[in-house]
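Below you'll find a set of structures to go through.
Heads up, the next two complexes both have subunit A, just with different partners, subunit B and then subunit C.
Let's look at the complex of A and B:
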């Protein structure tokens, strides 16, 4: 297996996109396929991906909208099925939201796209470069002013093919929006997804990324944001496990006064794997970042969490924190966590914490002394551990939907 | 204030002088002949020569580690001399009176209590001057208690079974690049054996000193604490000023059998290089201990020296109820780079470990904590608490934390916390308002920051460590 071999550009693309393919491909020349000795992949094996072949001919593009229905959410949906944009399933977006298919972009739009596309995701993200080299059916969202209704991108995969998702969101200065990326479907596909967010001055984005696809679906991807001065991002991540799920999340605080808050939960069970690599880059002064990730690892599952705070010289008066808590619920479950700090400036206040344990006996005892059975007490505490993270959600219907899913999730799992 | 800084930063390295003693030094280079020469010089048994050669062959197949957060030019291992002994050692001195007076003068300048040691806290010193042990004291008193404390080259001959049983049992030959090199060419070092149930009557101490230019120092320390015994071992280092970088690749192995306690304290003050980053020691050391049932291993270190440090004193908590501790203060000023931390591998049930790491970066120094805590599937009810704090002084330094945390048992608990901050203007102002100058104020704040670690040091060391830190930090106030 070789990155360069896999970098096959699709035929018949506009010239600017062909240039982009070539640039992405050149970033992969000589890059070895990751193995256990590659620091970023030391605890996650790519075997499930390399052992299987993904057949693109199974892709039907047929969809079941009931699968991603969220009651009362009242969102404007942009729907992709098996990697293809489906205008007929999508809602009309508000007038201040432009949805542009990358391949159909006009000359001025292409210019706009080129100035951001591929510049937000770090070059070292080799799977993202691979995504760029094969880029065909991505979209760009351009958001102006205040968008009151949440916008939802539905990525549904119902096949056993290899999918290449790409999203670019440009938030104009002063704009505000809520964006939900909803991954779902019954397919056992391999998805390589890259989402990039460009937040101009004073823009505010609420971002949700929900990985609720089929438990056999393989996913390697991530989302990457660049924040200009006084921009703010609040991110929520939820991931269920699969044979291989690796998600990279980077937030670059590039403008003074930028602020980010990231919350996330991962819930692998059976023999699943999940790997979150998150990174807060601070290259401008007066920025703040706060990340809170929690995981419940059950059965024979394995979770990997790598949280990095990187403060560059000159990023004065930075405040950055990171918190990672893990519950192990079985003797065969494993967690590998690595909260990292890399700091090149003295005018900072940074802290991180990480814990790994099981539910405390005292908490269980407390609930049982109030009349709950051991199973119910156990489930309630597990649920509460994650539910706390949902309390800050800006979209109550979405939080409600996720609570129900979590309840079901913990119902299935007996102690 | 910056003038003040410049002035103070020029502080000279107090231990920088060269002793003029004729040495017998092997020409630079490394091959099997060199290893045979070292082994023959030391009159070693055949098995040890074989062990060295085997290590050398493995070393040839290994590659230098590149994962640490440090950068330095490539080391030419053929430009290093692997054996150096003061010439007057040809005939071993029968008593201290016969030791080369210049050698003794060197130690006196460093304040090592070789002559006055009887008066000083009952410390037995096994002084290592370059590669050969110069004098070993308090032997009789230790012998009375049944404690063996001697150069490892001597132990190979007098206690071959003990050495053979434990040498390389904690740090295997092929453990890492520098430990393999050490196995092949180790010059000398200390061997300690505490018999069953014996509490060592005094604190054991050794001083290492790199003297001859271009000679690497490859120490080997092996401490075996038999069942129910107890020992506290002190290690201190200073080295004279040199322009070239010198390599120091030691291996320390601790074996704590059932119910034994080993406390290993280090004050490391190798030459850190000048303020432009020229010269200084490369300190690439492998230190590891195995704790059997109910055993207790404690590492305490204060690191103020070396141009580059890569050092991870570790505990393998093999037996049930065993305890591992790691207390560290690492300071990097000027262009010093330190990548240091610990590994706690919990294997037995009810094992506990504590990590307290304090990193201080000043000037253009870079200080990284790299630690690993692993709870193996059998580590029922094991606990770990890690606290690593960094203090930054100046806007050109770096402080980094890379903890690897692996949980494989649900009943085990791991807690890790880390903070990074600087000496705040408010703190400084408060102290200055009360009449302290900036220099003293910072020294006081840093001392407070390190208090948890200093508290773990034996008294003599705690005093030295505090002073050392103060000297190393002078001029770093911004």
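Let's look at the complex of A and C:
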């Protein structure tokens, strides 16, 4: 398999989009398909992707998005089913949120889109270029002012096909919003997703990206943000495992005083894989970034966490921290955790730490000494390890929804 | 109620308890005193079934059961409670969830109907007040960021909810100021009952002014070398432990 071969542009697109397809495709010319010798893919095999064809677009089940509702969240939902935007299943968005289907963009909108689309995701992200070369049904969200209701993008997959998800969010200066990307469904598709966030000056975004799709679904994708001066992003990531799940998250602090906080958790089990590559790019002075990721790796699962902080020469007085903690709950579970710090300015404060451990015997005993059986004690401590990250969630109903999911998850997880 | 006979136990192949015997009847309060390293806390841990503590010989019976054969959670459900000297912090689980899970585990074990959520909350709040902890502690992570005194009161709260038959207090007085000591003692005294016994492990006689023991035992080198009534504690306070150690030597 190679990238060029997969870069098949959809027919009948507007001219600007055809140009975008061509540019994305040209970025892939001669790019070799990644293998174990490619540093960024050293610990994650693409074989589950190359071994299957993913050309069956037949629905395998219900397309009722209400199954994936989040109680009490009171969100405005923008629904995609198998990569296609479904206005009829979506809620009306507030007046200060414009939803534009890329292929239907007016000339002015297209101009706006072109100035950001594909410029936030790093060019080295070849799967993102592949996504660009096949781009058809993506949307742009333009957000002005303060949006009080959370916007939820439901990325539902019901088929066994190859899906191309694309989202561009433009946060206007001073705007504020909460945006939840919710990947769900019973499809065993291959999803290639790219979300880009352009945060203008003083804008503030709470972003949640929940990878809760079918356990056989393959996902290679990620989300990428560019922060202008004094913009702030708080991100929450949750990923369950699958035969192949590779997620890249980059935050570029491009304007002075930008601030990002990222929290994440990954939970592979059985023989699943999950690979988070996160990167904080600091190109402007006085910015802060804080990344905290935790993983629980069970059975024969394997997780990869690569945390990168890249401080460019002009980014003086940067404060950047990176923290990764892992629990291995079986002797055959594996985690590859790697901090990568590249710093070209002396006037910065950076800290990083990574741990890999097992549940503490002392804590287990404490719980058992109060009457909890070993399974219940084990579940409670696993849950606690991740639940701690939810305490800071900005949307309590969403935290509650995830707590229930996590509890059920660990319920099936007892040794 | 609790009968310990000629108990030997080791930690990391070092023998700590060396032939300890103790009979505790219903409703009695026994104080166990001794210097650091005499085996007081080891006794508590062995009774609670802590991993890493190996019983090499001897027996412990609680009611009609061989306690040492039981898993730690079964000992707890059967009515044994150890108030830890160093309670463990469990961030990410609220105190309330933890207490509820503990009470429910026991109800399930005995096939009883679990308390409904609002009754349980009411009870937990009442006990919070009784141990002088603000009710916000119910919503905080178990022992997370609690001061030493708060942790001890939290142990007491668990004890009051679980209503054990045998409660072991492992240096519950250490690190407490006088006011907190009074609260802990009041809690313990309120639980004193004809069918409930206490083992109070302490360094100092002071606690025994608040919780009056029926018997005082002195542990030296892993076994009880002297037993008496509360006047023994006063004698120790006056003379120190040295005279007993010398006697044993």
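By our rule, the second predicted complex is superposed on the first by the 409 of 415 C-alpha atoms of A that agree within 3 Å, B and C clash if a C-alpha of one lies under 4 Å from a C-alpha of the other, contacts with A are read in each partner's own complex, and residues count from 1 in each chain.
In the analysis below, contacts are C-beta pairs under 8 Å (C-beta built on N, C-alpha and C of every residue); 3 or more make two chains touch, one makes a residue touch a chain.
Just so you know, these numbers come straight off a predicted model, no measurement behind them.
Partners subunit B and subunit C fit side by side in the overlay (superposition on subunit A). Residue contacts after overlaying the shared chain place A:312 against neither subunit B nor subunit C. In the superposed model, A:370 lies in contact with subunit C only, and not with subunit B.
In the superposed model, A:39 lies in contact with subunit B only, and not with subunit C. Of the two partner chains placed around the shared chain by superposition, neither subunit B nor subunit C is touched by A:214. For subunit A, the partner that touches more of its residues is B, with subunit B and subunit C as the two candidates. The superposed model places subunit B and subunit C at 80 degrees from each other around the C-alpha centre of subunit A, with the value given to the nearest 10. In the superposed model, A:355 lies in contact with subunit B only, and not with subunit C. Within the superposed three-chain model, A:340 lies in touch with subunit B and out of touch with subunit C [touch as defined at top]. For the pair subunit B and subunit C, the minimum alpha-carbon spacing after aligning on chain A is 15 Å. Subunit A has no residue lying at the interface with subunit B in one structure and with subunit C in the other. Per the touch definition, subunit A reaches subunit C in the complex via residues 360-363, 365-374, 376-377, 380-381, 383-388, 391. Of all the residues in subunit C, the ones that touch subunit A in their complex are 48-52, 71-73, 75-77, 82, 84, 87-88, 90-93, 97-98, 101-103, 105-106, 109, 141, 158, 162. Within the complex, the subunit A residues that touch subunit B are 39, 313, 326, 328-358. By the touch criterion stated above, subunit B contacts subunit A in their complex at residues 67, 375, 377, 390, 392-422, 478.
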